[in-house]
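Once you scroll down, you'll see the structures, which are given as structure tokens.
Presented sequentially are two complexes of chain A, the first with chain B as partner and the second with chain C.
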Partner chain A sequence: MGCYSPSLRIYRPYPDEVTFTKVDFFPKVIVLAPTEFPEALLDHDLRRKKILKNEYGNWESLVYKELSLHPKNYPKLLQGGKIQILEFELSSVDSCFSHKASVKLKAEYSIGNEALRYFEYEDQSKNYNSNCILGLSSLTLVPLLWFIPYLGFQGNSEDQLNQLGRNAISAFFLELEKNSGKSN
Partner chain B sequence: MKILQIFLILIAVNYCSSIEKPYNYGNPYYNGVVFSESDPQFESGEPYVIVDSIGSYFFAIFSKILLWDRRINNHAISEESKKILIRYMQENNLKSTKVRFNQYAPISEWKRLSQNQKIPGTLRYTVGTISLLAYTFIPDRVFAGIIGGDHYNPFTDTINVYSDVPVILIHEGGHAKDFAQRQYVTLYAAIYAIPVVGSLYHEARATDDAMNYFAEKNQEDQLKESYEILTPAYSTYVGGAIGDIILNPITTAAIIPGHIYGRYKKKSIPEQMARRKK
Partner chain C sequence: MRLFFLLIILFGQNTFGTEVEALKKEEEARSLRRQGRISEALELEKQAENLRIVPISQIETPSFPSLTKNWNIGVALQSNQAIDSGGQNWFTNVPNVWFQSGSPYHPRFPFAYQNKSDLPISWIKPEPGANGAFVPVISYRSQDQKWGIRYRTTRYQTDFFGVTSSSGGVVGREAIRFGYQDHKLHLEIHEILSSDWRVSWNFGLRYAQWDTGFNKTNTEFNRGSFGLETSRYLAPQLGFIFHYNLSSNLSLFFGGDLFFSTLGQLQYRSDLIEASGFSRTSSREPLALNAYGLDIRTGLEVPIGSDKLFFIWESNSTIWRANESHYPNFFASSEDSYRKSISEYYRSSAIYESDGSKKVLSRSFGIGTIMLGYSHAI
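And now, the complex of A and B:
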């Protein structure tokens, strides 16, 4: 895990997505976010922070892609607005015999002339998917036959981070839709 | 008897699928082959009564008994079941995965092997070739249940199904989704090909996805069936770990605790669904 960087593939999970064509630029919607996406903390054995690249794009492109694909969901926001991502942190903490993955998203946004709104989302998952247990279980086959299925049903740290990240983004866009006049 | 006890304990501790988390619809990392009118995404094999009956009532009989469901490898997939998988594929944006319902199409599959640019040739033409040789010369269309059966082939990016069981169809769809989401799909496919422990992670992901999909859709009947069928099916991997290729005595023994645990666990579905909605 020391040299390992998870592959971040964070997007808004959306059923039966429109086939992607191109991302439009929306000059009336300003997106302010950390230049790198997401700012990820991998607090594992080396206790160091890493900036990871999201394979599905940075915050700005994710927002513009969402607006391009589903403009009908954001009628008021498309008239003008501002989104500022204050904090987006994915964390994977490996404590030898336990593992904790978490996500934290803080953002401010305004739609048209409406007042500034604040959005905060936090979630985490705790389990025993640690490197120590994987290493120990690899020594003999039986624990490996126990541990790998457990790992599979829980998801490894990469899968957990991606799931938490997608849930956070999904929650954020759902709130934006709700306040942008999406008609049901 | 001791072996059964050990498996029961292992599975009980282990089988921690949770349906309480929000479901993530898929968004494939790579774009693959584009389908056309002459090569549609979903194809069904022509029904051949004699061939399908021999397959269902002779070769598949053991798998029906093991999973305790007569629809396993019955080579007669209903339109309703097909629609469930088609909807799953559409909702998860799996636009380049081929689905063959009870179809034997070796020429088309060899073509797909050469066209699948998501996996490099070195792996496709080695491990992928072995999988296709088996598909070509020991067709699942006939032998499913005794050698082979419902499966997803990552080297051709094709789902081949023979059972009229929606939870199995969605489980195979779950494999396609899992592979499509990976950036390092080659490594993931290579691990999948490792005997004994290679497929355990992948099978768990696909089963977990199927259960969460049905939970998302509020389909408690399908969730119950998932516990009744996918749990014992998964225990064959833990027990035999080559159960998808050839049945063996350990696979057979491992399935009993899987049945017991699946039937016990399905009782907690209402409680799990209530926690999900909170």
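And now, the complex of A and C:
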């Protein structure tokens, strides 16, 4: 409630991630985003937009880190390119008996001298992880004990947002890899 | 997951802090580079690099291997032993009760709700016979092994025999059959705690039923009585199991389940045949029954390829109490036997226990089970 401050942990989950100590600088790759990172969150009950900080860095950091870690996947993009994030919205809407977390990512990018490409990703998760049900179930012990494992399984709204955000970013990087001439 | 996070908060604070710090420094360095202040940027980048000397990727996050065979189906042989207690043994504990009743009668058999009075009072305590049952073992696990469904059942049946005697001559015999079975269906959520330990939460439904049938004959009074009682409940159940991998093909586990239910029923019926006639006392409507209890389970598993051998020791205790405020139906073939059935009910039923004090003690029984089983993954 009062002291609730969500923080995001969004990154690209990569199988067998390599060890890294340094993120390189890529002056030829320009990353533009309307705000620093995670654009906005529709807040739980107030439906108020918030700008959230990602603990894994802003869009530029994420892209540069990805390019430093897996340069072989993006041979064409490393020659030069531009990524413009048009919209990146994570939302968590808590109605009384259900909860909906959703993600929307819209981006434009060009690789080298190729034409501008458009990327769009949307996903959502509906579940019963709402404040109302938690409140109701805490009135007696048994429903609460039932609800907690479900809550742990679904994750709280932050976990859901993080997961959706990671999925969106993974999808975006996969698309980038495909168009940057990744050789298998 | 929560436990895992707690561990990270307790022991992993540095690692997380450094990554966030390093990112900040790198962001700063990039903006400096754009302003052309390369030397300052290089210094910040160097600092960021130093901060990442313990890289995040070195933290081991164990994960489940993905499954190709999701169903585990098998069979187990159960062997059980039961203990029981509860109710009041009025004959020995509350002398004024048997004084009021006008005649002494047998101590209550705690599994049963009702007891027929039976003279004379000498009593050879019945011993349960040997028993065993084959039960199915069915479980399902999702592809990523994060959740599963499991069906469990415990079955117990035993016969007790007793004889009553008067000055050495056997005049009565009684046989009591007690049968119990529960069905537990639950959803499991698996979490890895470390490379050796994992835990699974489970929550689901539990249905249990126990029947007590008794059959008594008494040659001295030329009397026979038969009865049957059925108790059942439906309860939500919550539990957990900790698993510990001793080696690749031996794991130990221990855990328990907790349940509580107000959705219980008890129905009873007892017949009395005497020279004066026949009478039947039966519950007018099912009595409300509350039950709660605990299962404790421990054992070991030996997986051999897709086959698995397991040994489980399980203790199941149930505490129950029926609401006895309803009078039963009386049916009798003669006025005399009608009167007898009412006095019998009054004397022998639990209503007598709560007489005056309105306090009824809970009954309880515990069943210990040893299970040896085999299952196959398909």
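Basically, the second predicted complex is superposed on the first by the 179 of 184 C-alpha atoms of A that agree within 3 Å, B and C clash if a C-alpha of one lies under 4 Å from a C-alpha of the other, contacts with A are read in each partner's own complex, and residues count from 1 in each chain.
Operating definition for what follows: a contact is a pair of C-beta atoms (placed from the backbone, for glycine too) under 8 Å apart; a residue touches a chain by one contact, two chains touch by 3 or more.
Since the model is a prediction, treat every value here as computed from it, not as a measurement.
**Q** Put chain B and chain C onto chain A via the superposition and say whether they clash or fit.
**A** By the criteria stated at the top, chain C and chain B clash after superposition.
**Q** Between chain C and chain B, which one touches more residues of chain A when both complexes sit on the common chain A?
**A** The partner that reaches more residues of chain A in the superposed model: B.
**Q** Contacts for A:Arg166 in the overlay, against chain B (first) and chain C (second): which applies, first, second, both or neither?
**A** first
**Q** Can A:Glu17 be said to touch chain B (first), chain C (second), both, or neither?
**A** A:Glu17: touches chain B and chain C.
**Q** Have a look at where A:Glu55 lands relative to chain B and chain C in the superposition and call it first, second, both or neither.
**A** In the superposition, A:Glu55 touches chain B and chain C alike.
**Q** Does chain B (first) or chain C (second) touch A:Lys76, or do both, or does neither?
**A** Neither chain B nor chain C is touched by A:Lys76.
**Q** Using the touch definition from the top, say if A:Lys182 reaches chain B (first), chain C (second), both or neither.
**A** Neither partner.
**Q** Applying the touch criterion given at the start, work out whether A:Gly152 contacts chain B, chain C, both or neither, answering first, second, both or neither.
**A** both
**Q** Of the candidate stretches 26-34, 80-88, 170-178 or 242-250, which in chain C collides with chain B after aligning the structures?
**A** 242-250
**Q** Considering each complex separately, which residues of chain A are in contact with chain B in the first and with chain C in the second?
**A** Shared contact residues on chain A (touching chain B in one complex, chain C in the other): 17, 19, 55-56, 145-146, 149-150, 152-153, 155.
**Q** Please output the residues of chain A touching chain B within their complex, sorted ascending.
**A** Going by the criterion above, the answer is residues 7, 9, 11, 13-17, 19, 55-56, 125, 141, 144-146, 148-156, 159, 163, 166-167, 170.
**Q** Which bits of chain A are touching chain C when the two form their complex?
**A** Contacts found on chain A: 17-23, 25, 27, 55-58, 60-61, 64, 142, 145-146, 149-150, 152-153, 155.
**Q** Write out the stretch or stretches of chain B touching chain A in their complex.
**A** Residues 10, 13-18, 21-27, 29, 90-93, 95, 181-184, 196-197, 200-205, 207-208, 234, 237-238, 241 of chain B touch chain A in their complex.
**Q** For the complex, give me every residue of chain C touching chain A.
**A** Contact set of chain C toward chain A: 1-2, 16, 19-20, 23, 26-27, 29-30, 33, 41, 45, 48-49, 52-53, 55, 57-58, 147, 187, 189, 201-203, 236, 238, 258, 260.
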